[in-house]
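One structure follows; several queries about it will come next.
Letters are used for the chains, namely A, B and C, taken in the order the chains are written, and counting of residues starts over at 1 for each.
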Amino acid sequence: MNSLTENGAAATPRPAAVDIENLVKRFDAQLAVDRVSLSVAPGEIVCLLGPSGCGKTTTLNLVAGFLRPDSGHVRLSGRLVDDLPPHRRQIGMVFQSYALFPHMSVLDNAAFGLTVRGVPRRQARAQALETLALVQLAEYAQRMPQQLSGGQQQRVSIARALAYQPELLLLDEPFSSLDARLRISLRDELKQIQRRLGLSALFVTHDQEEALQLADRVVVMQAGRIAQQGTPHDVYFRPDTRFVAEFLGEANFLPVTAHADHQVTGNAGTWQVSLPAGAARGTLMLRPERIALCLNADAAGGRNRVAGRVLGSHFRGASQRVDVQVGDAVWRVTQAGFNVVQVEPGQDVVLAWLPEDGRWLGGEAGRGVGGEVVNASAQVDTAVVTRRPAGSAGDTTIHPATTDA
Amino acid sequence: MLEQSPEPVPGSKARRRPDTGHDLVSPSADKPHRVWPPAILVPVVVAMLALLAGPLMLIALTSVSTGPAGELGRGWTLAHFGRFLGDPYYRSVMLATLRIGAIVTLCSLLLAYPFAWWTLRQRGWLRAALLFAALAPLMVTVSIRTLGWIVLLADNGPLNALLSLSGIVTGPVRMIYTEFAVVLGLIEALLPFMILAVFTALQSIPRDVLRAAEIAGATPRQRFFKVILPLSLPGVAAGSVLVFTLAASSFVTPRILGGGRTTTVANLVVDQFLVSLNWPFGAAIGVLLFVVIGAVMALERAVSRRLPGGTQ
Amino acid sequence: MTRAMKRAMTDAPGRSHPLVVMAAIATLVILLAPLAVVVAISFTSGAMLKFPPQGFSLRWYLALADNLEFGRAIVTSLQLAVATAIASMLLGASAAVGLRAHRFPGRDALESFLLSPLMLPQLVLAIALLMYFSRLGLRASFVGMWLGHVVVTVPYVIRMVLVSLERIDPNIERAARIAGAGPVRVFFQITLRLLMPGVAAGTCFAFIMSFDNLVVSLFLSGPRMKTLPVEIYGYLEYADDPLLAAVSSVVIVGIVLLLIVMEKTVGFTRALVQQGA
C-alpha cells in the first residue's frame, strides 16, 4: 500500500498517480474536453468540479480508458497508458449507479477484482471480507445486492474497487443518488479510508460542498476546460473568474473602477483591495459571510464600509441571510453563530469588510489578485496579510510575504 | 405467417416500475383497488371466452369422449390417450418431435446469440437495418419461405452447386426432404424469436455493470462468461422455451420440407383432423402435445425464478 | 449527456471476435436466402423452380394476373386482414386500457388469459376452432376465419398497447387532472393521443399476422374460402412451377414495403424490441 512517510519526504520522488497532458476529446462536432492537463499526486484526492456538460465525467472516462482521447496523453504512475485497455490499468472505480453485479453475492462482488486476476477463490474471498470490514459490511457478505440499501450498495461498490489494491481510485458522482445525510456520512468514511490507505483519488462531482470538504485539490471545469485549480481554500476565497466564484458558493459582485494605491470605486463608495498592475475596470467579489452587519459607522471601525438599508432576512437554520439595498444593488450578507445582529426590514445599517476579504476580478476571464492589503491610511505597514480561515473574528495576522497570487 | 410470437421476456419485466406508478387515474376516484373490473374490458373478455376458452374446453372434452365423429355426451374414455401412448410408432414420433425441437432450439441459440450481440454493438442505421432483417422474415408467410428452401436445398440447387464447386463433395448431397431440411427450415423460421429474446436480454444489462467489471480487471472473455452470460440467461431461457414450443408444434415445415418422411406430432394431429377425420383421437394427441409443452414452460419458469439477476 | 457522448461510451471499442461476425453473417444469410431466392426465381423465363433462374422474363407475373384462384385468394386475404385489424384494434386497445385502469382482484390472471394465445401452439387452437365452428356452422366461412384470426391477433395488440401505456409518464395525466380536466377528457385528449403509436403499431401487426396466417386458416378454410397462404400451401403440395414464386414475390415486396412504412411512422422494431431510452 502506498503510504506517505511520516517525515513527508520520500527516498526517491514518486511519479504522479495520474498525469493528464493536453487531453482533447470530441463528440461529433462538440469539444467535450479541450486541452485539459492536470496531475494527481500520490495520496492526494483531486476533485473535478463543474456543471453538467463541463467535461468532468468525460475526463474521468478518459483516465479510466473507456474513451480514447483524440489527442493528449494519460500517464498512470509514470506509465503511458494510452494504449492500455481499462482492465489492465489497475484502477478502482465507483459509479453513481453502484453497478454491482446482481447475480453475485456481496462477497463475490467484492472479490471480483481478485478472482479475475487469478487469485484462488478462498484467498480472494478472505481478502474481500477484509475489505468489506473496512466499509463495515462484513456481516452482509452473503446477501445479494438487491437486498441492500443504496448506501450499503455503494459501500460494497467501494469495497469492490479497493479489494485488489489499486493505486488510483476513480469516483463518478458516487454519492449523488443518496440522500443528504447519507451523502455526508459516506463522504467522511471515504476520506478516512483514503487517508488510511494512502490512495490517490480522482473524483467527479457537481456539488461544491462535497468538493470543498473532500478534496485536497479542486479542479473547476467549464465547457471542457479547466477554469481554475487549487486547494479548496484557494478556489473558494481566491477565485480567478466570476464563474468559479459563483460555482463555489454565494457571492456579491460589484462593478468597480480601479485607482492607484489599491483603491476601487463603486457606485456606493471607495474601498481598498489588493490590485494587480494595470487594473482598470473590473468586479469586486465579496463572500456574504465575510461581510459584517454593523448598526452604525463606528462599529465598522477601520474596515471597508458602505451604507445600506435592510430589505429582509431569511432564516436558514445554522445561518441567517440578510438582503441589504446598497444604492441600486442588493447585497447579500450571511451571518452565523455569536456574531448575529438582529435587524428589521427598513433599518439602516453599515456593511463592513476587511480589505483582504475582497477579491478583484478583472473582467470575464481576467485573473484576479487578492490576499494582500496595502492600506496607506491604516497603521498597517506594507507587509502582506495572509488569508485566515473563515469563522474567526476580525483580527489581522501579519506574516512575511507568503502570498500566492 | 407468424405461427406464434414472443411473450415479453423476463428481463424486460424486471425493468418495470412499481405498480402504483402505472395505473391510469380511475374514472370516478383515485382508489388504488376496486372490486369490479372496468366495463371497457367486457367486449374483449366476452370475445376471448367465446373464442378461446370455449374451443379449448371443447378440445379437452372431445379428447376424452367416445363418439367417433366427436359428438359429446356419448360417454367418456381415456382410450385415445392410451392408444397414442401405447403405440411404439406414436411414441417414436413424439420422441422425434422433441428431438427436433431440442436441436432447433440449440442451433438457433448458437446462431442468434452472436447475431444479437453483434447487432447490439452496431450503431444507428446498421443496427436498425439488422434488426429489420432479423424480424422481417417473420412477416412473410411460412409457405413462401418453405418454397425458398425447396429451391435452395434441391439436388440441383445452389447449395449443392456450391458444395460441388468447392470440392467438398463429389455428387449432389440429398438435403431436401430430409430431417436436415426440416431442422434448417425451422431454424430459419424461429431465429427471429431467439434473436429478439437474446437482444432484449443483452440490452437489459446496465452499461455501468459492464464497465465496473472492466475496470475491476476482467478481460473481455472474463466479462462475457462471468457477467454477460449469467445476466442474459433468463432472457435466453424464455426465448428457448418459445422456440422449442414453436418447433415442437409446427407441421407445415416438417410436412413440406420433410417430404412425408419426417413426421411430427403436429403432423399426426393434422392428419387425424383433415384426413382420417378421427377428431377425438386428434384432440387427444393435441392435448398431449399441449401438456408436454406446458411442462417445458413450467420447468423454465421454475428454473428462471431461481436464477439471480432474473426477476419475475 | 449528449447522444453523441452516449453512443461513444458504449462498450468495447474495437471489433468483435471474427467468429462472432461469421456467425452473425451466417445467420443473416439463413434468414434472407429463402426470400431472396424466391424473388429471383419469379423472374425466370423457364418453367422450373430452379436457382439460378434461366433467363429473365415477366411471364410468370403475367400468368399470375390471369390466375383466378390466386387472385381470389389475395382479395380474400386482404379483406380478412382489414376486418381482423379493425376488430383486433378495438378489442386489444380496450383490453390494454382496461387492464391498466385500476387494480381489481384477478387482474393478473385475466391478463395472462388474454395474452395466452401468444404461448399456445396455434395448432391446438386451430383444431379447437375447427370443431367449435363446425358445430356452429361457421366452418369454411368468412366470419369463421375472421373470428379465428381475431383470437390469434388480439394478444399482439394488447401487448403493444400495454408497452405504450407503460411508457406514459403518469404525471402527465395527473397534471391534466389537476389543471381541471375531467377523467373522460383526460382519457380522450391525452391518454389516447399518447397511445396512438402503440395502437397503430399493433393494428399494423394484426393486419400482417392475419394476412400471413396459415395454421388457423388452413383448418377453417374451404373450397371457396381460401386465403393466400392456404392457396400457396396447397400449390406447394403438388405443383412445381414458378407461378408460386411470382405470387410469393408479390407478397414479399408488399409486406416489406408495408414494414418500411411502419418502421418510419411508428417504428415497429421499437415496439417489438422495447428498446431502452
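Keep this in mind: a residue touches a chain if its C-beta (ideal position, glycine included) is under 8 Å from a C-beta of that chain, and two chains touch if they have at least 3 such contacts.
Since the model is a prediction, treat every value here as computed from it, not as a measurement.
> Return the chains shared as contacts by subunit A and subunit C, ordered by label.
In this structure, the chains that contact subunit C and also subunit A are B.
> Looking at A-B and B-C, which pair shares more C-beta contacts?
Of the two interfaces, A-B and B-C, more C-beta pairs touch across B-C.
> Taking each chain's centre as the mean of its CA atoms, which one is farthest from the centre of subunit B?
In terms of C-alpha centroids, the chain at the greatest distance from subunit B is A.
> Approximately how many whole Å separate the CA-defined centres of subunit A and subunit B?
Computed value for the inter-centroid distance: 57 Å.
> For subunit B versus subunit C, what separation do you get between their C-alpha means, in angstrom?
So the centre of subunit B lies 16 Å away from the centre of subunit C.
> Where does subunit C touch two or more other chains at once, residue-wise?
Touching at least two other chains: 9.
> By the touch rule stated above, which residues of subunit B touch at least two different other chains?
211, 214, 220
> Pull out every residue in subunit A that's touching 2 or more other chains.
As it turns out, subunit A has residues touching two or more other chains at 66.
> Considering only the defined contacts, which subunit A positions touch subunit B in the complex?
Of all residues in subunit A, those touching subunit B are 64-66, 85-93, 95-104, 112-113, 115-117, 144, 157, 160-161, 164, 170.
> Taking the touch rule as given, give the residues of subunit B at its contact with subunit C in the complex, in rising order.
1-8, 12, 15-17, 19, 21-28, 31-38, 40-41, 43-45, 47-48, 51-56, 58-59, 62, 70, 110-112, 114-115, 117-119, 121, 123-124, 128, 130-137, 139-152, 154, 156-158, 184, 187-188, 191-192, 195-196, 199-200, 203-204, 207, 210-211, 214, 220, 242, 245-246, 248-252, 256, 266, 269-270, 273-274, 279, 282-283, 286-287, 289-290, 293, 297
> If you look only at subunit C, which of its residues touch subunit B in the complex?
Spelled out, the residues of subunit C in touch with subunit B are 7, 9-12, 16, 19-21, 23-24, 26-28, 30-38, 41, 49-52, 90-92, 94-95, 97-107, 110, 113-125, 127-132, 147-148, 150-151, 154-156, 158-159, 165-166, 170, 173-174, 177, 183-184, 186-187, 191, 208-209, 211-215, 219, 228-229, 232-233, 236-237, 244-245, 248, 251-252, 255-256, 259, 263, 268-269, 272-276.
> Which of the residues in subunit B end up touching subunit A in this complex?
Residues 206, 208-209, 211-220, 222-223, 226-227, 230-231, 307-309 of subunit B touch subunit A in their complex.
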